[in-house]
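Each of the next two complexes has chain A plus one more chain, namely chain B in the first and chain C in the second.
Take a look at the complex of A and B:
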């Protein structure tokens, strides 16, 4: 018993020392010496950088939107309309914010799947993986909190559904915890129904709390990536590699330029709201009936459509299992070959694509 | 003329008579005009697969019946006069400024006449071809008639079929896109040269030191 504690703390110290080697904490090791393997999965190394690019675009366009956006139930929708129709370049900035938020979530999911397939969570990269999973969850939280801000029919009604789901969690909890979801919902909502307090809280989360959380975690994530270098990515050892600085950086910058141009072109040509029926874009009316067609953003379809088909407790159980697997991936798949991981990643990709593109048809088929 | 609550009533009996008459007239109008023509909305939704509402032609998204803004129950005497004038525009060419219709609705009545609009209820698809594909109220590059067929908002420049908007805007904003492309690629080239410059300085220093 007496020797248990020193051994545990020794193990913990050794774990931390392996993940944060002080001798490698210098520019020479982290940048000049760093090499990037070249193989058929090398494209996966660019997905993290692209996610960072979309995050930077979010920050810059978000700052511009802050100049005009009014976080009050009476003015929020009008201020968004004002940005779109009367501010010079306002429509472009707003569209870039909306498009890049979707692109950021898309590239974050692709980054997670490629990192999984390339076994980029293997020792000593466990903290890189866990911080990455947390970053993805924060990105989803950004999407959820930002969705309410235009204060239109779909924004408020979809948020209502989301918050109701939080309260519904009480069905799946033991009696002593059953009150917790209600407390959580009330905390997010701030008042009896969605109103000014909710908007204020979501706004605060969207522009202060979540950016602070993502900035700190992103710092940790990038530090880990630079400290441990790129994972080898494939089972077979490859001789080919290139220097991170300047060659990989050159290519990364070029891809950033092309992707930015693509985003700019799409944002200037296609308003993001065009994909929604116009009755859902009308200012929120608390006295009106809930309009048909209320749905969350596309990146929640993978959980929204199963919710339509399966009992709520089943979805909660599956979500919990998925979360546990995601966080424990470095230990669960420690000895798994990359070929198996690629098959698993492809299966997950297929599920996400099918549920996102054909989820509605599947629901109609299952529940006519 | 139509009585409104603004009228001054000297005795309760007059007030009751006025209120009763007002109620009867409003009710009559609601029956006659209040029910819009859902055939067009139903066609638009079926044709496009999108949810729409009365706001494509009416001031109020829930239609002309009711007491809300742009609805019959809230009209003033002057607005009732305008409504009656609009209701008599059976033939095309008459300027219409109906308080319950939006600009697209007004233009529709002006261009086709109410008689034609009523006829088209039997075959709502004809409304688009009868109206023609020249008018574009919101100037988004998609004609109003096409927006009716696509189930999009003819009065909102930032709402339309995504692909059609892309095709229109890629031509409209070609100079902006080209300017952005030149700017971004120059910036990228500049960054690359800068990094290359740092590398060259580093190599030169290393050479000198050895």
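Take a look at the complex of A and C:
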């Protein structure tokens, strides 16, 4: 290096060179040479692939649904009904889209927790981790925007609550920023109350903006994964490993086949919305009272139930801390042993399970 | 006489010789019970010849066997035009693949001196017979179309009669010469199995796919260095073949199971007139709802007074929903003093629509997060998630001619004549909150 480079730009250059080693950017290194370690946490290596499978299912079934769905307030609900009751295989496709969305979020969360426990974010994999966190956030955004599209009571009312919570952020902001959440809400909502403008915006986000974002980020994520290879996953040195191609990849595909079969069977047998009472699934009526039982999807319970129990600013503060920790994980937990990370991941898992399954009972217990 | 020899004697003789000859050969010369591979001598042309030939001939043989072993099932399947066409197409394509592979194999036999050194006369006879057989088969397929269908009335029952030892020639008497020649050649080939390399068809090396890779240990140091890498390569190749076969099979099963459903999905439903009518009327109803909503919006942009209800229609225990100037839901009650109570129904917590049913405590409930609001004041109960009261809306009471009798300003101040006798025939309106807007 010549002395012409200032110190910081030299550091930046070497940072990028470490994360994107161009000399490894070839088929031989990324596919033929790649090896997957074998140890007791090896199952964690399959969680990312499963998330990708569910994503692919979403893309395909979503394309199918696009043939019939109409994004207008008068036609949205009836077009969804049309898909479910009249189009050949429509109910199955819609069910698969709904079930697979839940599965995608579930496996993405499991993937994040296992990657954390296996310290897969350690240098030089920081960018893999951060793109992964962003991917998870986009997946949640997919869930939120897609939820509105059937335009039934629960869809519109849950979205109403969600958007109103955005506006409530103003309580927690300094006065000169207090107007911002309102602007934000109206930007997404498009008009004074949830209506055609909101539906149009959510539709555009769900089928164009978010897919573009997720596709490009996923490309980066997968490139990083292939460039750096699998992280070793455990503290103890292991010498057992198998070749990624063709051994690991076919096992991966085999699991895909089984999971697909399961998803397919469940989608044929159990309609996704069979867990909701009919009034929530009736077409949205702006002149009627909100029916009881409006709740977000299960994957938002971990923040929804605490919201019922704790003051709003506390929740905002906690989620901000969580976000900061997630994005800074590679630097915060740099020196932490995998043993500690596993304990942390396990307690996070315990929290998620308890809050998702028993959140309602806990709320009743705390606030009779 | 000729027919009796060719189609009754020859098949029995061929079958018996084939079975007995094969057993003797396997017992006496077990090592010869193989295809006598010449891959070692010439691998490249062999690959381009042997692979298409075997793929093609396996498909063709399976097709012929199915037609003869399950004649009933086969006949009912070929009754469907799509299946018949697909079968004919697959069969002909496989035949062409066979022919291509066979030509490569013949050229290789006569083109490569190394291979010629291990070529016997029998090999050449077999190749010639096979070529004639494939050409005949393709000619029959081209010239006497839909053999998959007519075989059920001709060759199938004839073969069945052979197997039941009651040979009956009437089924095939009138068949064209080409078809008959195809059958005779088949018998000849069966007859020659024990005397040629054709015997390898009884030694299909299926276990190759499942046995572990063999690590060849070399004494020669030049080879032993490469041996470990070769072993790895071999193992990977085997895994790849298994995986690729699995994927092909899986995708095939998936395609067979879903292709017509996917097609029908895109083709779209064809509804009965009644269903069509039902959907149309629902659609029209929804469009009208939307149009009404738009009308409300327009009305709220252009007028300063919006009719809510006749005062006499309002109830104390059940609110009447209406849309306020901000296009949010609001509700109207009759108050104790006979004056209307107009309040927003948009919950001040997270914006759900509050119920219009008043309970015995004089409260209405927001179902989303359980806040109770007092109807008279709009205040939430203590400890409710909602912290602010539901806003009271300004209203005006007008008589039939549009004269304002009484009014409630946004500030809550009530002016005008509020005597029950003078307002009871009147209508209630919401008024634009002009000061509030400014």
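Keep in mind that, in the parts below, the second predicted complex is superposed on the first by the 363 of 368 C-alpha atoms of A that agree within 3 Å, B and C clash if a C-alpha of one lies under 4 Å from a C-alpha of the other, contacts with A are read in each partner's own complex, and residues count from 1 in each chain.
Convention: a contact is a pair of C-beta atoms (placed from the backbone, for glycine too) under 8 Å apart; a residue touches a chain by one contact, two chains touch by 3 or more.
Given the structure is predicted, the values throughout are model-derived calculations rather than measurements.
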Combined model on chain A: chain C and chain B, fit or clash: clash
Partner chain(s) touched by A:282 [first = chain B, second = chain C, both, neither]: first
Contacts of A:265 with chain B and chain C, given as first, second, both or neither: first
Which superposed partner A:90 touches (first chain B, second chain C, both, neither): second
Contacts of A:360 with chain B and chain C, given as first, second, both or neither: neither
Residue contacts on chain A - larger count, chain B or chain C: C
Contacts of A:78 with chain B and chain C, given as first, second, both or neither: second
Touching partner for A:253 - first (chain B), second (chain C), both, neither: both
Partner chain in contact with A:33 - chain B first, chain C second, else both or neither: neither
Touching partner for A:67 - first (chain B), second (chain C), both, neither: second
Chain B versus chain C as contact partner of A:165, first or second or both or neither: second
Clashing chain C stretch [against chain B; choices 148-156, 238-246, 310-318 or 418-426]: 238-246
Chain B and chain C contact sites that coincide on chain A, given as residue numbers: 245-246, 249-250, 253-254, 257, 288, 291-293
For the chain B and chain A complex, residues of the former touching the latter: 50-53, 55-56, 61-62, 151-153, 156-162, 165-166, 169-170, 173, 176-177, 180-181, 184-185, 187-188, 191-192, 195-196, 199
Contact set on chain C toward chain A in their complex: 232, 236, 239-240, 242-243, 246-247, 250, 261-262, 264-269, 271, 275, 279, 282-283, 286-287, 289-290, 293, 321, 323, 326-329, 345, 349-356, 366-369, 385
Chain C-touching residues of chain A, taken from the complex the two chains share: 64, 67, 72-75, 77-78, 82, 86-90, 92-93, 157, 160-161, 163-165, 168, 191-193, 195, 243, 245-247, 249-250, 253-254, 257, 283, 285-294, 308
List of chain A residues in touch with chain B within their complex: 84-85, 91, 245-246, 249-250, 253-254, 256-257, 260-261, 264-266, 268-271, 273-275, 277-282, 288, 291-293
